[in-house]
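We call the chains A, B, C and D, going by the order they appear; numbering starts again at 1 in every chain.
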Amino acid sequence: MAGNTIGKLFTVTTFGESHGLALGCIVDGCPPGIELSETDIQADLNRRKPGTSRYTTQRREPDQVKIMSGVFEGKTTGTPIGMIIENTDQKSKDYSNIKDIYRPGHADYTYDHKYGFRDYRGGGRSSARETAMRVAAGAIAKKYLASQGIVVRGYLEQMGDIQIEQFDWDEVQNNPFFCPDSSKVEAMENLINSLRKEGNSIGARISVEATGVMPGLGEPVFDRLDADLAHSLMSINAVKGVEIGAGFESVSQKGTEHRDEITPEGFLSNNAGGILGGISTGQTIKACIVLKPTSSLLVPGQTIDRQGNPAEVVTKGRHDPCVGIRATPIAEAMMAITLMDHLMRHRAQNGDVNAGIPVIPPEV
Amino acid sequence: MAGNTIGKLFTVTTFGESHGLALGCIVDGCPPGIELSETDIQADLNRRKPGTSRYTTQRREPDQVKIMSGVFEGKTTGTPIGMIIENTDQKSKDYSNIKDIYRPGHADYTYDHKYGFRDYRGGGRSSARETAMRVAAGAIAKKYLASQGIVVRGYLEQMGDIQIEQFDWDEVQNNPFFCPDSSKVEAMENLINSLRKEGNSIGARISVEATGVMPGLGEPVFDRLDADLAHSLMSINAVKGVEIGAGFESVSQKGTEHRDEITPEGFLSNNAGGILGGISTGQTIKACIVLKPTSSLLVPGQTIDRQGNPAEVVTKGRHDPCVGIRATPIAEAMMAITLMDHLMRHRAQNGDVNAGIPVIPPEV
Amino acid sequence: MAGNTIGKLFTVTTFGESHGLALGCIVDGCPPGIELSETDIQADLNRRKPGTSRYTTQRREPDQVKIMSGVFEGKTTGTPIGMIIENTDQKSKDYSNIKDIYRPGHADYTYDHKYGFRDYRGGGRSSARETAMRVAAGAIAKKYLASQGIVVRGYLEQMGDIQIEQFDWDEVQNNPFFCPDSSKVEAMENLINSLRKEGNSIGARISVEATGVMPGLGEPVFDRLDADLAHSLMSINAVKGVEIGAGFESVSQKGTEHRDEITPEGFLSNNAGGILGGISTGQTIKACIVLKPTSSLLVPGQTIDRQGNPAEVVTKGRHDPCVGIRATPIAEAMMAITLMDHLMRHRAQNGDVNAGIPVIPPEV
Amino acid sequence: MAGNTIGKLFTVTTFGESHGLALGCIVDGCPPGIELSETDIQADLNRRKPGTSRYTTQRREPDQVKIMSGVFEGKTTGTPIGMIIENTDQKSKDYSNIKDIYRPGHADYTYDHKYGFRDYRGGGRSSARETAMRVAAGAIAKKYLASQGIVVRGYLEQMGDIQIEQFDWDEVQNNPFFCPDSSKVEAMENLINSLRKEGNSIGARISVEATGVMPGLGEPVFDRLDADLAHSLMSINAVKGVEIGAGFESVSQKGTEHRDEITPEGFLSNNAGGILGGISTGQTIKACIVLKPTSSLLVPGQTIDRQGNPAEVVTKGRHDPCVGIRATPIAEAMMAITLMDHLMRHRAQNGDVNAGIPVIPPEV
């Protein structure tokens, strides 16, 4: 399998390059009878869309999704949902400067070794533009999950050295960074502005969580819910790490501190991030990812060309100084797709076997 | 799929509970003609085996593997390799104290919600004992990879607050912790001893890497090599985080610092951890995981029973104060299985397409 | 999995309903570097296209394929190939007569039970129109296979009681029935004309074969080459049976008659249809399918409506009196897709292991 | 994937060669809470077992199954069920006569081309002995299906030219041929006896059906229920053809004859074999397979050896003159596994969407 599909029961298969005719995907396995329209999907696409603020790439794409199949009279039919986003801003610019050069930190060199050559226009298939279809597919998953009481949402936790200190979900949509701490927004604006001047970039840390997940979702061994989340989140461009719950802090925790003790009134903590033994506990599912700083920089860098000669690279053009900024809706989409898949897996094998098992409230 | 299989071309499917008759697995898709004997596999099993030092659980299992099929006249035939490890130390102890109670930090509660009931003897399927078969399967992958010049190995990087400062691969096998810094071994011994007295436990951080991986392995979108590694490593019991290359440090790196510049003599750094765009660069593949402190503690903790009543839990018996200690061979096995799978995927689709592409040396 | 994907390494996922905006598919896993253009694909689509002769449905669709991704500068890139065929002839006719009725022999009743409701326009997803994308994907497989010396082709063997007696591959393209016996064409024309008058339909038997297949393709147990061919061929609308080689005639053959004896000059017969133990022998792969007569008839039939009341059904409109006529290119496509998948599977696991094994010529 | 797994949600993976230590399998995805013991499985194994009558091979294997995991206190736990059958009658005979020769009609030549060499003892992995684990896994599926009102059973329909004329389910278990027509049993005995004397063999035709299947199981395109049945049935050793419902008779049927008209009292016929558009109708699922005559014959045959020289082959030893005789329980097992898989797939995606859709009785 060439790996352009994710999920086992709720599957998403994408196609499309940065500068091809269109991006597209097929969402297969969606339950029938769900109300769905293009506007449901467009809302999330707009959150990811480039060119909406001066802090992200200036490529302007309407990113208008078209549903080609699988919806009839406003409802999903249970058959595959085909979706298309046409590429309209395929600037027919001159790529001769990067065509024969391996940009450091990019997939140019690895694509050439994998395929023998590559579509070099705008990064081709390795462009973050590919994530648009993930967001479109994720919007379907999010809509269905919401009907089951499950809400998936994310936020920016850190940009460079700027870490959030206050938390307000309502603030997340009030700034272009998905930052829940309004007191940090100005510092972030300043950081982006100075990076843009410098021709440089910076990393970011994103949190994403799901509330309302019933206990019992996940598989016991390889397809643990946390392992599948790690897979889907790490598959996002530029992600270099994934944590569940307490994550890397667990290394210096003692067992008495880490284990989440239980009372009839609820769990006393959530170091587990809502997953034990690969299966959901009913607490909030908590994951965290880090995105590297983009390697498309105005600061010149050393590299080689396709003939092996030393070369210098400078990436002009429309680039995000912090690719993590637009990653929040993508991370939400990936978590939603994974949860949707496990919800359906649970129904297939286990149905309603847990009648009579007590339900522990998420948290005291 | 119930998720007891990993891999797409080189697949490993395991079965077995902590206190059942046996553990077993089927390795499917192994190339034919590879010399393989039980002793090849036993060597790695012995590294993971409990009861070999006073710093790990005192459960004593010979963990003797038997190859049931797929090997003929000392060579793999290309047909499935069935393997079995009989459980010999199934202490028929009294489980009535945990049978009806949900141990915090364990999978008791989640298994009950998933399946309606559970095999409570020693954790059943959620026991780390299940990882023995991963190590057995991984040993086959490691043997094949070695024949292609790929070496997978790991070490303990941190236990609680004790971080390694010196590095010597030769030291790794000289102590029961897989610690490459001999100057830290005594501190680790002391930590384990004091935790044991206290009835408590601690987390750990493990690094695992692969050298000799040719550029071009991996897939461009969902099944990126890093995403598949995140999946396989996060599927190990107790793992709460996975990093590739610079990992979470990337958050405060600038692009000029993170991107690994290239010269004809080699890459100038390896923040990528050997993977760009989901595909190997030819540099060392570097991953890092964190394991939580075990929740099997002598220190009493609050919980509820199967009827929802408050209860207190104390876990007596043979437990590792630091489950991370024995995780090194398991992490190696998982990385080897994932690399093996991608090596075969590469051959299927891409064969020898990269003739003529320059090869950058791993590092200057 | 909702089953809209076929193949494991070379995968085809389709979407689209008879009267939706478009049909589409994603071909994933195609080797990179293959010359491919829309005209390569269009040629096969035109062979399947409705409205090309008076013996098939009068629905007129240009069936113009558009490649949306995966091809760059005339060559496949190895990334997913997205293709679209827009539906142009979506006659906005009145479906009220079939909307609430279960047409016998159609999928109306079963779709309602599976999904709770259905897209009733022209059969929705159950329409044979869905096979257009199979032909498009199959054309890619056929092109690659041809570059490896493998040729896949089919013909009509029987229509109703009219069986071919002479055989000439050149004749197959000379008549609208894909019939290799020119002496039977007039009888077939007459049969179709009389069925059309009568408002009735008839079954057909199609043969499809592949020459040039190297020995060694296939898997030993569940994914035998013949089992996978049975799967892919039986998945074509209206197919009710699949045979390999001697097929159902084997029941009255003796072992001495059926076994294909071998001489250094070649096999003495091909009852096996080119497959032994699920693996190709190097002989011609031979499969045969039967397609039922369509159930869209002018002759009134008994049925019930969605409320369970008795009803009468008459299907007006543009229907093939023999759906088998256009099945030949579809059967070729499915065989090509399956062979392509197994060719890639072979490369992944087995590479070039058979050096030194003698090669038996296909036939004396 | 090396193809030793079948099913997507209810999966069966087998291992083992004819003369290895053991056969085994892992059944994954089985619902939890089903009562299951070894005796449930042994009953079906005994029906397939060799050496039970003078009409089948004289190899005597107790075929005693051991459940290694996945069952606790008499019930399935939902985790993988590992099963083993030890090979006890591995006659350490001399294989030098077939080691270097390609038996016509066997997989010797194709295995050598696929793998470079083979386990030649008793056919290795290509031996019909492999089917024992299918029967074991199928017994679990049958038990669960029975709890849902679905009964799977088969019978011998034809052996050579001897076709059944009368039908009585009760007779099927009264003779070693699974023949429902007691008046044909003597003729079958005579045929087998004369073939044995002659050193020859004969083909057979087996029917298998499922009653009680609810409408709505199956998928619309590639994974149609009939396509998946074709796959699973064609994967049985020696099968050369599969029919659903009217099968190859459909070729000369008219639409008015083939379509199964519907009344509120039930369907008027079942040419569809219980499947329309790939989805079950609620009628009896009907499939039919043909098994070729075995190629293990005392009558000498022409072949070549591993060096390409002409050779003569005579297969001595314990062989069934009609391998179709023991195929009935195997065909039942494969149909049960496929139905079980689709039952679970239905639950995952569709749940209980069909409330209010009328249910047509199977037949008037």
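Here, a residue touches a chain if its C-beta (ideal position, glycine included) is under 8 Å from a C-beta of that chain, and two chains touch if they have at least 3 such contacts.
These numbers were taken from a predicted model, which means no experiment stands behind them.
Most remote chain with respect to subunit B, judged by CA-atom centres, is C.
Two chain pairs are in question, A-D and A-C; the one with more C-beta pairs in contact is A-C. Centres computed as Cα averages put subunit A at a distance of 26 Å from subunit B.
Distance from the subunit A centre to the subunit C centre is 38 Å, each centre being the mean of its Cα atoms.
Computed centre separation for the pair subunit A/subunit D is 45 angstrom, with centres defined by C-alpha atoms. Multi-chain contact residues of subunit B, defined as those touching 2 or more other chains: 1-2, 4-5, 8-9, 14, 29, 32-33, 78-79, 114-116, 125, 220, 345, 349-350, 353.
Residue ranges of subunit C in contact with subunit A, taken from their complex: 1-2, 4-5, 8-9, 11, 13-17, 20-24, 26, 28-29, 32-33, 66-70, 72, 75, 77-82, 84, 114-119, 124-125.
On the side of subunit D, the complex with subunit A involves touching residues 8-9, 29-33, 78-79, 220, 344-345, 347-351, 353.
In the complex of the two chains, the subunit D residues touching subunit C come out as 1-6, 8, 14, 102, 104-107, 109-116, 125-126, 130, 158-161, 195, 200-205, 214-224, 226-235, 237, 239-248, 250-264, 268, 271-273, 275-282, 290-297, 299, 301-304, 306-310, 345-346, 349-350, 353-355, 357-358, 360.
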